[in-house]
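After the structure tokens below, expect a handful of questions from me.
As written, the chain order gives the labels A, B, C and D, with residue 1 at the start of each chain.
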């Protein structure tokens, strides 16, 4: 996020896109409710009528995967009404004319047809967003998990820049990060193309710095992405894997392909706290300590680096992932020694400019520090782009609507979206072990519109077969108006109903994000 | 208390008074199991030790908290009558984790029991009155306790039993029904929602049997138990027939964790079913927010 | 008139240190992160007592733990046996309880030591000595003056401390409190009349410092008379986001669940844990039927219980006005907002 | 009973949670009042954060595949097997044939070490995690 979570409650207009905030980011939703109660206006862009959408002043229930078309429509409305922030565009951005030309060529009737949203509604939303002084955009995986995810994100950025709703407190574009430390994992360079702090591996200067620090030659070629690795199948490029605390078998698209890859590896080493579906296929399983048994830091969605503290020692024979990695490195002939995780953080601070001032002792004395934090004297950064885009001027990238990878047809007439629910987290390896959470929800539910249910003669609570071109699962049907006719929704938390047996592996070429939000499917009654 | 810390037999009431642990179940052995239908089994349970079994006291309408290994506890109403000592019967329908696990148990296995809990049927007020029983499905279980109690204690009025099941195959307590049918002063009427070949009896909801009853509402008491929707329709019909609210009595089922009036789960508006019920007259339910009375349950 | 004493502030730590030799001491401690929690004190010099601020949670978890082992069990060939774990309940002095938190304990006493005698609660409660501290600086969300559970108490405490600046006025409410004084009598002197007057003055001032004016009586009356519109319940339910936080944080919410945790094929534990009536699974029965229509009534039970049923049963609402639930609701529907809404309806 | 301030693991909000510890067991979880995100309340997942920690399903010792089945092993054996397996694969197919998945559930320090292991020890940039899932 470019803002802090607490800034949200002071915004005047909130545009929430592709985020089931009340369920996936309760604390953000808490601020949104507060803001709305104080008089802020809420615009929700979501194909589903989520709890938040039902409280929205304007709900733009677009067809899945049509964000760009909608956003272009909104930006055009802003130009037509002279609501662009001309000074900001002039001073702080570049490539505006390309965007403008594209917007003027836009066929508004087509936008309405593609998105399925009334033109007046999106125009109203655009005016609301542009006119307020403090407008903030929050988006989540509903925007990114598309083959055009990068362009989707850019479209939201375009909207914010066009109206000057960045670089200011209570204004900004905030991606809500799904997992507790997904921000930190990215920051730490658990990505194929970058060292910690987003320093490209292809940059000789960055490489030289790390080579000097680590005393070895480092590869210059960016590595393979997750899906490249897990979707190789029997003869993929990757022959051996070390997986720490991930469960790609359940979380990655096209599950059967992932299983084939895993089963055919020469060596699979998994470190996890539970015997996950992936760990069951491993050659070596290493018992890891849970978060309650280790000390270190997590970085939340608002870039706040904060302490995780060991409440108890590692259970039974388990060890922290840090200990495991250190032991492995030493066995592989690389000498690795740290006295504490604080010492690891010192190395991070040394090599990672945005974490340059982050040390455990500072975090102990505070509620964490928000990066960028360049040195010990730096107070951290509650909102980004304060005076300058990190890359200089904001760059407009015009984009056209792109059809989703898969479309419905006679055989697979329904459109399936996947996501999360309130009571569970990711593949459920942890939350499914909690009695209280299981009592509240212990089963995957396929949300289906009453009209579709009627046509299929499916009753509420009945078990049905859900199939796509790649596979089928059985699960319980829940009839609800939350999904529009022709659409389906379910979650990926449940190993009993592994939805990623069905999903498409097509992904955004930039972010490599799979298109989890659009999949052609059909529902069949079980006999 | 024995040295192992388990409660043996029926020191329940004593323990509660003397500072013992009211949450401690004591073991009971499954002596026999009868399969009432594909979904309902009756478990005949006896506490280890004759003395304990002999001293065990309960009344029709009360329930027990039943423990099944690894499944926690659930409230189950007693379906036997205290007039037949030596064992306690629990008739259990498959519904959730615990009841399904219980269906997997065999004779000789042990469950944990504590109780009896709850307010029983007001048996003393039944004296000299005709009794009308209206049951649906597993709802006959608690009423079976009253019916057999009435028979054993030579109840001085007539007894009419109306029982609705989903299908002829789903009729539970067939052996009891056969006995009741053969008893003078007792009449038994059955109905099924869906007939199957060979069924010559009534088809339809249990309320359809009510017009056949010729008891004077002024001198009789109606006892109703079944699914919420059935209870609602039957009570409404009984009111129409002239039964006063005090003379329409039902017993309720709720989620429960303690049975002692503390955990809060079984709340029914301002009442707790475990200690204020589970037996209630319609007079006690009127004006309360009760799903069994709600128009749209 | 009961005897009142004076304890000089200089003598607080020495006295507590002596008390701690024979008792476990629990008191509000401000930790290095700035949060104040009731915590067991081991070593008075190591901690910073916070007698001015309101601890972030009540003392509920000391009497009704968030999770406790009721029994361990064994099953299998040897039968099915439950064993009560030996959990010590040491004699504990709770020092510096806020008035609201002490009032809440008096309420939970009714639940767990009334008709139903809860063995665990009783064990912990019987060994407890409750020393409250009168509030002269209510927390911004407090409204205990409206629920008559503070800021100064008239009964219920073993000892009540009032901060008179350089000294505490100490009132003994029960013999257990009196004992703590008589055991270390030299620390205490008898209070003078001006001390008592000063306390009276402080109490008056404290009552004037509440920032919230919550008309609890109005809500009690409306609930008793069934005057709460169905639309209000529906709106509350629609906004509730199932966190359970209001019930977990509430000092007088005592609902719990009991469940088995299988630890192996033949053994496990029976646990008792906090539960919240606002959750869907709270009332859902095996098989899926739920007698509570959650979409309309998620919060109805909780508010009715506190403001109607307990008034009916015990003569007073079971909300103690601590205000901890204010501002913490994800959907913005705490009990104070509800009460305010009912009283606003009457405004012209 | 100790209260240890930590950070919730169930979403990107990053609530400040106290873990309540009694005799070596985490028996409760509650929000921090002054933490900028949690502000004295957490969602239901957070309130039940402790339940997963002592789950009987936790892995308690290393497992090694023998004869097609995963069997209990000591740490030395398991680490040796893991290291030699990875090394063999590296020798046979080259570093490019190795892949590492780190985790959004691990700490920053651990993620840092995992990518360091991948780059400096295994000699490849084949490292990723499910950031996009």
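In this section, a contact is a pair of C-beta atoms (placed from the backbone, for glycine too) under 8 Å apart; a residue touches a chain by one contact, two chains touch by 3 or more.
Quick caveat: nothing in here was measured; it's all calculated off a predicted structure.
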Which of A-D and C-D has more C-beta pairs touching across its chains: A-D
Centroid of subunit A to centroid of subunit D, CA atoms only: how many Å? 19
Let me have the rounded angstrom distance from the C-alpha centre of subunit B over to the C-alpha centre of subunit D, please. 50
Taking the mean of the C-alpha atoms as each chain's centre, how many Å separate subunit C from subunit D? 37
Going by the contact rule already set, what residues in subunit A reach two or more other chains? 26-27, 30, 367, 422-423, 435-436, 440
Residues of subunit D that touch at least two other chains are 5, 16, 34-35, 41, 43-44, 47, 50-51
So which chains actually touch one another? I want all the pairs, not just one. A-C, A-D, B-C, C-D
Contact set on subunit C toward subunit D in their complex: 31, 33-37, 39-40, 56-57, 61, 65-68, 241-245, 248-249, 261-264, 279, 324, 327-330
Which bits of subunit B are touching subunit C when the two form their complex? 4-7, 16, 19-25, 27, 67, 69-74, 95-99, 110-112, 228, 253-255, 257-258, 260-265, 267-270, 275, 289-291, 294
In the complex, subunit C touches subunit B at residues 70-71, 73, 75, 79-84, 111-112, 115-119, 122, 254-260, 262, 268, 270, 272, 275, 277, 282-287, 289, 291-293, 297, 300-301, 304-305, 308-309, 312
Where on subunit A is subunit C touching in the complex? 22, 26-27, 29-30, 33-34, 37, 51, 54, 364-365, 367, 422-423, 435-436, 439-440, 461
Residues of subunit D defined as touching subunit C within the complex: 1, 3, 5, 16, 18, 20, 27-35, 39-44, 47, 50-51, 56
